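Input: structures, listed below.
Presented sequentially are two complexes of chain A, the first with chain B as partner and the second with chain C.
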Partner chain A sequence: MLARLLQRLLILGLMLLGVSLIAFLVPFVSGGDPVRTILMSRVRDLAVDPAAVEAMRVHLGLDRPLPVQYGTWLWQALQGDLGYSFTSGRPVASEIGRALGVSVTLALTALGIAAAVAIPLGTLAATRPGGTVDSATTLMIQTFVATPEYWLAPMGILVFALYLGWLPSAGWTSWSSLVLPAMVLSLRPMAYFTQVTRATMMDVLQAPYITAARSRGLSMRQTVMRHGLRNGSLPVVTFFALWLAGLLGGSVVIEVIFAIPGMGRLLYEAVVNRDVPMLQGGFVSIVALSILINTIADILYVALNPAVRSGHAH
Partner chain B sequence: MNKRDEPLLVIEDLKVAFPGQSAPVIDGLSLTLDRGEVLALVGESGSGKSMTALSLMRLLPSGGAITGGRIRFDGEDVLSLPDRQMNRLRGGRMAMLFQQPQAMLDPTSRVSAQIAEPLRLHRGLGRRAAMGRVLDLLRDVGIPDPAVRARCFSHELSGGMAQRVMMAAALSGDPDMLIADEPTTALDVTVQAQILRLIDEERRKRNLATLLITHDLAVVAALADRVAVMYAGRIVEEGPAKAVLESPQHPYTQALMRCSLLVPDPHGQLLSIPGSGTHARELTCGCRFHPRCSAASQHGLVSRCMRSEPALKPDADGHVTRCWAVETEKETAA
Partner chain C sequence: MRIDNASQAAAAGSLLHVPPRRTAARRLWRFLRGRHWTFRTGIVILVALVVTLILAPWIVPHDPAVQNLIARLSPPSAEHWLGTDHLGRDLLSRLLVGGRFTVTIAMITVILSFAIGTLIGVVAGRVVGGLFDEITMRVVDVLISIPDVVVAIFLVAIFGPGYLTLIASLTVIGWTPFARLARGLTLAINSQGYIQAAEVLGCSRSFIVLRHVIPNIIRPIAAVSFLRFGHKLITVGALSFLGLGVQPPAADWALMLADAQPYVERLPILMIAPGLAIFVAALSVTWIGHGLEIESRDGGSGDE
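And then the complex of A and B:
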């Protein structure tokens, strides 16, 4: 068990090292000269003084050989220093920390809503395949999967913010500004979670131990609660983790539309502005966090499934 | 009929069908089971033994439906009971053992929780009282270290251990009837005898009516008071265990006896019945067994056996058989 854990940690370390190298190199490979871009954006002039460019390059340390730059960057990154943003001049680490906090709040709320609806709904649909609830659920799943967020988000703003006036239309000021974006963001994962729960639950309800539980006098409802849900929600744990990792940097559309200062928007702006340290730091942080989340999900999966816990996986 | 005179379980003309299949899997099955009695239900795979057992519990797999007949349990009409009362019957008055004990236990739930369910549902015990009783039950079914085993999950148990746990769960609701559906088929030979002994001990101690489903005639000889032999969804022979085993009437029962190791073949050969078992859902005219029957041709009855199905005909001591050849023999003797 301990050996397995250590092996796992070693692999994680190597993965992170590889990711850091890619994260470091990508802004350079993408072409263009960041120094020129920064200066152009500051002086709003296409004819930038070459001497100024050179001075800036030295100032930012971009004149040194790449391996040296990588070594310095990695060493500092390990100590929690990701450098300074080219555009704002503020420390990358603290910018990312703040944006991640926002994105994690948004993603967890959205996925929480999704799971809270999907698990009961998927279970209900599975107990009566082909029934009214099941048909309605299937329709809902298809609708939610097919509805693009860039359409749904403005519609939500129109109805709930402008017409009804219940919720703020954008920004990140109070808890109420979380509601609308979280709801819009929750629909797609909700559809997938429902689908997964339904499919798993259909299998689980056919399992011999369900018949055995019924033979002891449990009602269908009690059987589902005691013996169905735990077995049926195992795959949702994995899906939840995958979505969480995906939403951390991937809810760009929502964050831009609702003017939410999250990770997606931070990276989007870093790309637009060729903010090299921000891109490197952001990429590494998101990947590291995804790996962490998936590791936690694996541990949770094992905790929920005693057969895996002692190495008896079927 | 008076509740007292009636056997504990009465099955009358039971029919079970799955939609889309040409013939019912159980066709007109009638059986009775008295309190404290052991009735063995014998037959090949697919003859409808397990479906009979699941029908009693009203737990047929999805799609399967009871399309006719009646089941009376202790005077109550099982098939018309509302769901709530049916739940009270299951585990509380009738309990079941299954063929694959490990698959019958929820892999994510502790053994103790599953044994405790009937105690809490049917006996109204609180959590603490139920746990105490679970340990007693585990001891009763011969599990060493009950306190440790109670905390186990199904994958931590051997097949025999799992079946003992299932037995504890079955007994925990203090039922009147135990349905044991091939409880030893999936177990090691050495363990089989232990589990059978356990079932026999417990059913004596508790005066349990037992429906024992098996294809092993040695088991029948050791445990059963009466035997019913099933072929393709119907009973072909039924009677006191001793009578049926000593003088089997139906050609199918005779063939089963010859295949069984109970009666060694004089030439030291392992025998089998020619042809493959007719599944109940296959449509066959006349006697279901005639395509594999040797008696049909010997008695020159083939056309009769092919055309119409014989009825169950009794002889003097309550031994009934469904066979034209047996009937003809009796007529000529009389």
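And then the complex of A and C:
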């Protein structure tokens, strides 16, 4: 187990190194001279004196060999210095920090809604497989999975903001601006959480200790409450973490539609404005966070589950 | 074993000169009969959709690209069944051709992910515990957690939008669930009698993989392919919606959605119609995938 964990960490480290290398190379592969790219965004005029360009190149350290530049860049990135945004001129790291807070709030709200609906619903569906509730739940899962959020979100704005006027159509000002995006964002995870809860609960309810509890005279309801839920909610924990990682950068469309200043929109705007340091920083931090959260979730899953820990489940 | 019977039956059928069309129709009927209604509906919708998208250039009532600024934002009429958009282009015509890019990109991505993932997963499962298995599976563990939209946005930013960029960026992450699933399924049948028999008989590794392992694990993987297909349709659409996928002059459902945003209050159908198209397309493949999943889980009870 420990060996596997070490292996995992080794690959994780190598992977992050690879990702950082790819991000570092962006200005060199995206066409043109990186110095001119930087100059264009700062000076907005390409008719600069070649001598000045060369002076800038030396100043930025871009005249040194690539591996040295990469080493310097990586060392600075590890210390939290991701450079300055071409568009706003502010440090990339602090912009990312702010955006991350917004995205985490949004993601946690959406996942909270998803779990609050999914766990009871999945459990209910599992207690009577093939029943009306189960069939309706399955249909609901399929519908939610197939609904594009970039369709639902504008429709939601149309109904709740423009027609009814209950909620703001966009922005990030008060708790009410969180409602609509979080609801739209919660549907897909809700579908998957319900599916996982249902499948796990079906397995759990077949276990001998459930039969034992039932034969002791506990009602189905009590059995599920006391024994089922505790054992059935473990995979949901893993899924929760997976989705948290996915939503940190994966909610781009929702953040763009609702004008929410989160990680997804930061990345999107970096692309639109050709803001290279922001793109590099955003990409590396989203990927690094996704990988880290996922690794922690996997370790937790193993730590919490005795069957996997001792290797019986594989 | 079932596969042998099927191929023998097919061979016998060709010897007896059974009219192939009737057999195909009957086999299709037998295949569909007894399946869940969602599965049947899904197949009907998907077939209709693919046929429509292929024939679209010949059946559109108007040229989807021709603008008519005088008749812009006109409501549904006899001339324009679904009305016109903000540039006076016929909505129905744009809807009919608008799925071609998204569906093609999603389909190629899924097929590539399926092929790469299954191959890697099966090989890892056959040499379980070996260096190849350890390395690929740890790589899968890490890659699987990266959101594919983020990778796609990043690569589009560098290389610009296009078929190749989109397909490559979605496949880089897309193969990992297939690899994990294929490996798990391979592990489950490694200890089966027919695999051990083949090993004892001295069959080559590639023969065992191609003849025994892959045919026996293909069903659950096919089910997952359809589910991933639905997911990819929506992801490709998301990129087009952001302006990073299919580029403007072309008609595309998600792009139409994005364009319709400022006019949604005036003419809601501009947004409802393309959204519904993506939804129905994604739902049909999800239904098919779910139907296949149930079947492979129940051991193909409804089989011939």
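One rule holds for everything that comes next: the second predicted complex is superposed on the first by the 243 of 314 C-alpha atoms of A that agree within 3 Å, B and C clash if a C-alpha of one lies under 4 Å from a C-alpha of the other, contacts with A are read in each partner's own complex, and residues count from 1 in each chain.
Just so it is clear, a residue touches a chain if its C-beta (ideal position, glycine included) is under 8 Å from a C-beta of that chain, and two chains touch if they have at least 3 such contacts.
Predicted, not measured: the structure shown is a model, and the values here were computed from it.
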{"item": "Partner chain(s) touched by A:219 [first = chain B, second = chain C, both, neither]", "value": "first"}
{"item": "Broader residue contact with chain A after superposition on the shared chain, chain B or chain C", "value": "C"}
{"item": "Which superposed partner A:145 touches (first chain B, second chain C, both, neither)", "value": "second"}
{"item": "First, second, both or neither for A:53, with chain B first and chain C second", "value": "neither"}
{"item": "Contacts of A:162 with chain B and chain C, given as first, second, both or neither", "value": "second"}
{"item": "Contacts of A:208 with chain B and chain C, given as first, second, both or neither", "value": "first"}
{"item": "First, second, both or neither for A:108, with chain B first and chain C second", "value": "neither"}
{"item": "First, second, both or neither for A:227, with chain B first and chain C second", "value": "first"}
{"item": "Common interface residues of chain A - those touching chain B in one complex and chain C in the other", "value": "none"}
{"item": "Residue ranges of chain A touching chain C (in the complex, touch as defined)", "value": "7-8, 10-12, 15, 26, 29-30, 138-139, 142-143, 145-152, 154-155, 158, 162, 242, 245-246, 248-250, 252-253, 256, 267-268, 270-272, 274, 279, 283, 286-287, 290-291, 293-295, 298"}
{"item": "Chain C residues touching chain A - in the complex, by the definition given at the top", "value": "38, 134-135, 138-139, 141-147, 149-150, 153-154, 156-158, 227, 230-231, 234, 237-238, 241-244, 254, 257-258, 260-261, 264-265, 268, 271-272, 274-276, 278-279, 282-283, 286-287, 290"}
{"item": "Touch list for chain A against partner chain B, complex", "value": "206-209, 211-219, 226-227, 230-231, 304-307, 310, 312"}
{"item": "In the complex with chain A, residue positions of chain B that touch it", "value": "54, 57, 59, 61-62, 83-84, 87-92, 95-96, 98, 100, 103-109, 113-114, 117-118, 121-122, 153-156, 166, 169-170, 173"}
